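Chain naming follows the written order as A, B, C and D, and within any one chain the residues start at number 1.
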Amino acid sequence: MTMSLTPTIRVQSEDFDLQKEVDKLTAGRTDIGAVVTFSGLCRDEGGALSALELEHYPGMAEAEMRRIAELAIERFSLQGLTAIHRYGKIAPGENIVLVIAASPHRQAAFDGANFVMDFLKTSAPFWKKEHAASGEARGWVPAKDADDSARDRWSKITESPARGG
Amino acid sequence: MTMSLTPTIRVQSEDFDLQKEVDKLTAGRTDIGAVVTFSGLCRDEGGALSALELEHYPGMAEAEMRRIAELAIERFSLQGLTAIHRYGKIAPGENIVLVIAASPHRQAAFDGANFVMDFLKTSAPFWKKEHAASGEARGWVPAKDADDSARDRWSKITESPARGG
Amino acid sequence: MKVKLVYFAWVRERLDKPEEELDLPETVVTVADLLAHLKTLGEEYETALQHENVIRVAINQEHAEHDEPIAGAREIGIFPPMTGG
Amino acid sequence: MKVKLVYFAWVRERLDKPEEELDLPETVVTVADLLAHLKTLGEEYETALQHENVIRVAINQEHAEHDEPIAGAREIGIFPPMTGG
């Protein structure tokens, strides 16, 4: 179960397909019982935005995502983990980020994907700039304290309250 | 946000495609920020199983799934929810169940999908029979106390510890 | 009172039928009464329903406790604890 | 000490350049020293780095605290708090 496993990490401008990415993770395997995916999408904030522009630190972005993914694999004994983050201009309704976690039982898959998202938000070097509906740049999205709190809860919890099969 | 929304509920023998089901949920919308999917897969238990056979109570299965879905939509203010459960013979590595939850922010989507799975396991009328690698029936899967505990934790938590954006 | 009974999983297998119509005596008021009555109908019922505490019942396709009345039931489902998902 | 500096998001925009090579004086030992030194290089540096407590720094593509030494750094990234995901 805890063979050293390599997460799939990608930073790309193209979109991704959930089913194809899940298939890559589960192909030929009959020991995976649960797969959780998280997709983060661009919202238009009630029509105020025409796009988000995602900037990243090439090299470091992949390295941080890999570090976070490996922490999650270790902590939740995952059987597979994929993290894909897009960059460039992204329109409302489009995908920004995908995390997939696979495990024998469901709670570890939920926790693994949730953990990766919380750390990715606060430590992977990506920045969002808003483009107004009118077209001009509206400025950079400020970091949220709520994201720090979401990350910090993982240092308080030693084990999850319930573990279903 | 809290317009009355109808969950998509299906009980079917065919497989499903994650991306297609997510697309149906998010089509034409620009207010969804987070989509969490859970897929439950058939495991072969270390090579011991050749298949799981899923029996269900037609009519009641859909009704219970809808009831659980509506509870989740209300409790987590979800923007969309899909629950699909397969029946019949399912081979190791194949999908059994899919839950998709959509919301503006990530924690509600995680909680919504997790909640639906916990209740679906304990109250949707489905039963699993194991078929041994040799082919003959091995008997019915017993219910697990861990599944009851996983469900019961939702009556203790009034609000989730952290809510990131 | 005429009612349709539907059985699932090992309850169905032990009774060797998926459903039946039964005419219940007046004395059968609750779910527990129904289970007790069924156990008088033959050995296969006794075997299928022997562990009454694990037997789940649905009245008109909604879960029901053992102390609930069955008045108004058109269809009663009897089955083991659920193991889907 | 010669080092490559790379800038992102509003730090990059305020400095109006994505990167540069700098020769740092011996007195620059920590990340905080580096930020203080940069602020002496011109008004745009002062503006970009004025709120030092929110400025994040990575040494050789790994996050670094402001009190960490920069010895051995080939590349130093300077940027605002991250907002990906």
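As a working rule, contacts are C-beta pairs under 8 Å (C-beta built on N, C-alpha and C of every residue); 3 or more make two chains touch, one makes a residue touch a chain.
Everything numeric in this text was worked out from a predicted model, so none of it was measured.
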For chain B and chain D, chains touching each: A
Per Cα centroids, the chain farthest from chain B: D
Geometric centre distance via CA averages, chain D-chain C, whole Å: 73
Between chain C and chain B, distance of the C-alpha-averaged centres to the nearest whole Å: 27
Whole-Å gap between the CA centroids of chain A and chain B: 21
Sites on chain A at which at least two other chains make contact: 40, 117, 121, 144
Touching chain combinations (by label order): A-B, A-D, B-C
Sites on chain C touched by chain B in the complex: 6, 8-10, 54, 58, 61-63, 77, 79-85
Chain C-touching residues of chain B, taken from the complex the two chains share: 40, 54-57, 59-60, 63-64, 85, 96-97, 117, 120-129, 139-144
Partner chain A, residues of chain B touching it in the complex: 17-20, 22, 26, 28-44, 46-47, 92-93, 104, 106-107, 109-110, 113-114, 117-118, 121, 144, 146-147, 149-153, 161-165
